[in-house]
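Naming follows writing order (A, B, C, D and E), and every chain is counted from residue 1.
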Amino acid sequence: MVITDPVYFIALPLLTAFLLPLFGKIYKPLIGIIPGLVFAFLAYISFDLYLNLVPGKPIIIQMAGWAPPWGINLVFSEFSGLIVTLITFLAFLVWVYSYNFKKVGFDNSKKYFTLLMLMVAGSIGVVLTGDIFNMFVFLEITAIYSYGLTAFYKGRDSAEAAFKYLLLGSLSSVFILLAILLLYKQVGTLNMADIAVKAQSIDPKMKSIIAILFFVGLGIEAEMFPMNGWVPDAYSQAPGPVAASFAGMLAKSGIYALIRVFYTVLEVKGVFDLLLIMGLLTIIFAEFSAMRQKHLRRMLAYSSIGQMGLIMVAFSFNTKAGIFAGLFLMFNHAIIKTLLFLSSGFLTYSTKQKKIRDLDGFGKIMPFTSLMFGLGAFAIVGLPPFSGFWGKLNMLVATADSNLYFVIALILLVAVVEIVYYFKVIGRLYFRQQHKDVEVHNPTWNAILAMSILAIVIIGVGIYPDLITDYLTKATNELFDKAGYIHSVLPNLSLN
Amino acid sequence: MNSLVLLILIIAGGALLSYFGHKINKILGNITVFAVALIIPIYWFTQVDFTETVSFTVSGFHMELGYNMYGKLFSMIVMILSPLALIYAIGYMKDQKKLATFYFSFLFSILGMTGILMSRDFVSLFIFWEIMTWSSYLLVIFLGKDVQKTGIKYMVFSAIGAYAMLMAIVIIYKNTGSMMLSDYFGSFAGFTLQTKLLTGILLLLGFAVKSAVMPLHVWAPGAYSNTPMAYTSVFSGALSKMGIYGLGFVVVNLFAQANLEIVGYVLAWMGAITAVLATFSAVFQHDAKKLLAYSSIAQLGYIVTGIGIGTELSIMAGLYLAVLHAAFKGVLFMVVGAVERQAGTTDMNVVSGLARKMPFTFFTALIAIIALAGIPPLGGFVGKWMLYESLINNSNFLMVIMIFLSSTAAFLYCFKFLFGLFLGQQEPEFDHVKEASPVMIIPMLLLSVFLLVTGAYPGIVFKYVAEGMTNLGFHDVNWQMSVLTNAWGDSVNVQHVYLSVVVVFVAFLIFITWRGYKHSTKISTKDISSSGEMIKPEDNMTYAMDFYKPFQRVLQPILKWKINKYYEDFGKGLEALFDFMRRIYTGNGQTYAVYVIIFLAILLIFSKSIFGY
Amino acid sequence: MTNIEIILTIVSLVLLIIAGFFAVLKKDLIHAVVATSVISLVLSLMFYLLQAPDVALTEAAIGIALSTIIFIITVRNTKRFEDK
Amino acid sequence: MKKVVVIGSLGVIVYYLLSAFVAIPFGADIIKGVKEFYLQKSPDDLKVANVVTSIVVNFRGFDTLGEVTVLFLASTALGSILYHRRSQHSGLNPQRTSVEASAIVQTGAKIIFPFTVILGAYIFIHGHLTPGGGFQGGAIIATGFLLMLISYRKFFIKHNALTWIEAIAGSTFVILGLFGLIYAKNHDFLENFLPAGKLNDLLSGGIIGIIYIAVGFKVGAEITGILDTLLTVKETGLDPEEN
Amino acid sequence: MQEFLTYSIYGTAFFLMLLGLYAVLMKKNLVKIVIGLTVLDSGLNLLFVAVGYISGGTAPIFSPAVVGKHVIMTDPVPQALVLTAIVIGFGVTAVALALVVRLYRKHNTTNIDEIKNLKW
């Protein structure tokens, strides 16, 4: 257990981040290499741990020698392990992609990789932790990471985007803190499993207020409808790989927190109906706004919000089919959106305005990147034989299972809108005359490698989805089995 | 290995090989395409075992592939027409760029169609349907004409259709717990009326989009005419038949057997209206491509009517017409393609008199037009006759009148098409036009021969149609008793009659044409005398100019009513709505914060009703 | 709580409210920053009264000194007065 | 309009939340939970007098690791936000203030500075005994440096030294935690593996004191770094990339 | 008395939060918005500590004077949480102010209404 311990997921990136400046002083290229080694190692141990996980027996790590209700614990279960594996995998790919993304100078790449390490530690921490306040701390880490890296580029409006996110992020943390305080006042503990046990006795009115505070606070992180104004700005202003990490990792940890709180910690009647409504509104507003975007990145960002809304809807059914579909969508969204953002990074690199109409005829001058973008677009709108299709199909089956036919109609209607705006871009990329005087920035070998791996995953899962369905089913069972979670975290509950 | 899986793999592999072949070198690519075009039909006709099935479970959904006779009938259309079109494309697309994408998409759409016809469950049906859709979309926008308008329109309508289908599939899955088509058909009778109608009509909607039934047809004219003609022949000939295939089993297997023939009647009516309106639209087109596109819609209208009526005769007529339509529309689009390639335009106001320059093309066009118009010796006539008879048998006299009107009016555009492109005065600027290359001519000739043969021996087609109809619940269809035979009694060998009529007719036609040319005097179209009016050089006096002007004036009120415009207005309205909706993202960070606060306040106020404590 | 503590608490609360008003409403940003500093100071006292010396010390170090100084640096780098 | 909506919403929120909070009256001891355990175990097992410290560093030490990370992240993010290429300013030293502070201030700062640093060090060394600890001590040390930074134009902090302190202090925290995996009884991260000592002794609490010292150094270095970055911004003028 | 203290202390904490939120939502000046955030945090911190207080309790430190005696102690957990919250708040404030400086340099204004290049 010493070599593969879930604590490494957080300890190692932190240690590396602290020591990275020193490595830079010893030998500059180490700044690029060391994070890659760490990410590769993390990806390795996450796969190793996840594949060897015994069903029903999550790995529980206690901190500082105190058993769960008193100490902080990490839970590497089928569900959290799945997300962690996804995050480490994507983090490694983002590193591969950005190994020499832009010659920004030594000082900046040091900061970039330091922040990336910290973000990976933060988002994994959110997913793994079994303690509600600890979760808040890690959410805050991911948030500050986003503020810092959104404002990474000087020439753009990046500071504006970061400030907007900061404003909403601060409100989010205030509400989460209030909720934690109220919860602590009611149950006297901060451990999620312990809260889940004791929360049954909370006065329902109090519980509903706590739920609302969590809903709003975590909703901001999970890009829920009236609170997602920061998303398009941040996604469009951040550097390409950072936007990819937002979509692939940060949004995942946000939605994970939301799900964990409402599935495991707080059982509140009615919150899922609310989630359904807000999810639908999120989808509608986001996709309709995406339809009219002229900037590629903003379009992708709105589309990303729409996907998050879809995930919320899937989880709002509170059925196994729904969770399964939601997990499938999360997987798809993480992989495909990462590919889209990574490829769009190179597509918009040479255009000044970053507008869609600047991309006319790029299919010819940047064939590989355009192909990757096209593939991602095909996959995200749910065309077979790409992985997006299976997520959508499972999602719809789950919806029908809950007898929500109007939701099916709505989702499909929005899917048509999605098709329109993605296919407009594809039409421009491939079937238009290119503008004159276009600079070409063909991707570097490492970017090609990263994008190809993602593309292979998309096609592989699309042709044979059973590659992942088994794991998703296990994760579904884990999330749905609240008693099992409590029991595995607090094995001697009766003594308590 | 299972022959069905192997077939799919061969087509997919062919697609990849052609893609990479064309990436490497044009000649190598063309050779690959040619080889693939030969291998696929040969494999299908000789090696595929139509009784074989293969099933697998993916992501919890049971999927099964296997032919039935109905699918085999349509598969035959695909397998005959698409390889010919592929070979034609080698010649037609010679000078184009991005051929790798072209052939890749082409073969993938063949893959999609093949898959649809062998799917026994909804998931694989939908997967192949979508593969077909996106590959054909890539071809619709391939030439880069009207990418944003036509392409998006096609994709939107396809998506609406496909998603209607998906919704039906999901509801079916919920009600039966199975994705198999047979389970759906089996348990259909047990559904509530609501579920019956919901699933059935959504499925119909999905299929109706592809077969361009009236209110859903607006994508078709643009898509058919903007696609490279080599593909349009498959597009109109085979791909639209996928819609017919689906309509067939939904209407006949489901609604007719659940005493809901009314749905079929509505569909038949829609088909008839489509036929009439599309025919009239076709008459007034001056672009040959557009003319053929509308004509395709009209023909599909007949077929839909035939299927919708749902009697043995009408379905037989519909399926027979479907097969023939594939052949003659395939030829006609290839003809237009050849003209476009050789003369540079297909505008009938510009080009004319190409018959002498492109004799083979003209010949094939002539055959196809005869078949299309339903002039006796060739097959179109038989199909239409059966359609009339089935309608009359059902006492749908109004519908008969409409179909009759439409097929009479079809003569007008057939005439215009032939004259506009091939007959009449040849302009001096088309002197350089040469006959198309043999690679293009041979597929056209082969298809024309097919038309001639089926004209003489309609039984060749009827045999398979009757076989296919067993899967629609019509067993032991007496296909020998086709209408004409019946009238003349069994003692006459009809085939000989047909054959002699054909020979006489063709000989006469050739004679007339030859004579007509011999005795005519040549004057230029620009050689016009006028009474004092100045004639400007741009005044065009081509034969086809204002061909049916008086008619057009009469029909103006009907034609003015363009459904397309309503869709476009609707689309614009939606865009305006979206623009309005996205105004909530004002760009001011403070406003976003205000949203959060207001949202929180609303939740708190309604906490009681939301959380129900 | 003893009576003196209660009185001190109430005085602190009143001071907090006044300082809060100053911090939010003052147009001169330096004044507003000083008012936040006062809030931290009084808060630190409150924490001490509420038997939380650790928090009081933290608030004193970070709230009174460091926060204030970074605010002042920012105000010097931008504009001193709020626009009308 | 906006004002009315905002104030109305705020009123609603405050009403509901306040009504939730006053449900349990101020000062009432009705929360039963983990705190009893902490109050008992801290002096008995960990031998740490200050329960807050034992919570911060041991029971919830993972939080503190996150917290240190947040500060580190903030200082790095600040660096990336306000980063400007040094090459453009090489040659002339960036200056913080245009005017020197008066001699009185300078002398005062010079005298107070060592005392501030010593006070800070005292606070974090005695973190487990008396109120205060790594954060407070680190912040106080940073205050001392702040004093020097604003009184002397030419007082420059060696970035190299800051980097080293940050790196070593931060990694000490993590490595001590990782040692717990090997040497401690339960093989847990951040678990104490040193002898606990006697309550209220300076050398008690095992690794808690050491971690708090590391935290103190790290926090001090990071806050000093933040202040230095913010102060150096002044006078470098508009970045050419900005517009 | 207890009721009075309950309302006054919680009320004051909430009033500070309200003032902070008001500044965040209504004030146009960027620095003022950040000031609002710190005031908001101050109110929250006060609330945390107030919730942890227990009447008659001493600070949770087992100094030699209280060892061995039975004493009531205030709840140490919210205090530990507040420590974290204060430090995080400081970090966020620093980042926010750095962003304000950047925004001022780019737009030459600190009015948030004039900084909306990114919209819709």
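Here is the rule we use: a contact is a pair of C-beta atoms (placed from the backbone, for glycine too) under 8 Å apart; a residue touches a chain by one contact, two chains touch by 3 or more.
This one's a predicted model, so the numbers in the text were calculated from it and none came from an experiment.
S.K.: Using the touch definition from the top, list the chains contacting both subunit B and subunit C.
M.R.: For subunit B paired with subunit C, the chains in contact with each are D, E, in label order.
S.K.: What chain lies farthest away from subunit A once each centre is taken as the mean of the Cα atoms?
M.R.: B
S.K.: Would you say B-E or D-E is joined by more C-beta pairs in contact?
M.R.: Between the chain pairs D-E and B-E, D-E carries more contacts.
S.K.: Most remote chain relative to subunit C, going by C-alpha centroids?
M.R.: B
S.K.: Closest chain to the overall C-alpha centroid, by per-chain C-alpha centroid: which is it?
M.R.: A
S.K.: Would you kindly tell me how far, in whole Å, the mean C-alpha position of subunit B lies from that of subunit A?
M.R.: Each chain's C-alpha centroid was found; their separation is 44 Å.
S.K.: Roughly how far is subunit A from subunit E, going centre to centre by Cα mean, in whole Å?
M.R.: Computed value for the inter-centroid distance: 29 Å.
S.K.: Just the number, please: Cα centre separation of subunit C and subunit D in whole Å.
M.R.: That pair's centroid distance is 19 Å.
S.K.: For subunit B and subunit D, what's the span in angstrom between their mean Cα positions?
M.R.: Distance between chain centres: 72 Å.
S.K.: Residues of subunit B that contact two or more other chains, please.
M.R.: As it turns out, subunit B has residues touching two or more other chains at 582, 585-587, 589-590, 593-594, 597-598, 600, 604, 607.
S.K.: Please set out, as single numbers or ranges, the residues of subunit A touching at least two other chains.
M.R.: Residue numbers touching two or more other chains: 133, 137, 140, 144, 147-148, 151, 159-160, 162-164, 167, 171, 178, 184-185, 190, 205, 209, 232-233, 289, 292.
S.K.: Which residues of subunit C are in contact with two or more other chains?
M.R.: Within subunit C, the residues that touch at least two other chains are 1, 52-54, 58, 62, 66, 70, 73-74, 77.
S.K.: Just spell out which pairs of chains touch, all of them.
M.R.: A-B, A-D, A-E, B-D, B-E, C-D, C-E, D-E
S.K.: What residues of subunit B sit close enough to touch subunit D in their complex?
M.R.: It is residues 594, 597-598, 600-601, 604-605, 607 of subunit B that touch subunit D.
S.K.: Help me check something: in the complex, which residues belonging to subunit A touch subunit B?
M.R.: Per the stated touch rule, the residues are 160, 163-164, 167-168, 171, 175, 204-205, 207-209, 211-213, 215-216, 220, 226-227, 229-230, 232-233, 268-271, 273-274, 284-285, 288-289, 291-292, 378, 383-385, 389-390, 393-394, 396-397, 399-401, 403, 405, 408-409, 412-413, 415-416, 419-420, 423-424, 427-428, 430-433, 464-466, 469.
S.K.: Under the touch definition given earlier, write down the residues of subunit D that touch subunit B in their complex.
M.R.: Interface residues on the subunit D side: 2, 5-6, 8-10, 12-13, 16.
S.K.: Subunit E touches which residues of subunit B in the complex?
M.R.: Listed in rising order, the residues of subunit B that touch subunit E are 582-583, 585-590, 593-594, 597.
S.K.: In the complex, go through subunit E and note every residue touching subunit A.
M.R.: Listed in rising order, the residues of subunit E that touch subunit A are 17, 24, 30, 33, 37, 40-41, 44, 47-48, 51, 77-78, 81, 84-85, 88, 91-92, 95-96, 99-100, 102-103, 106, 115-118, 120.
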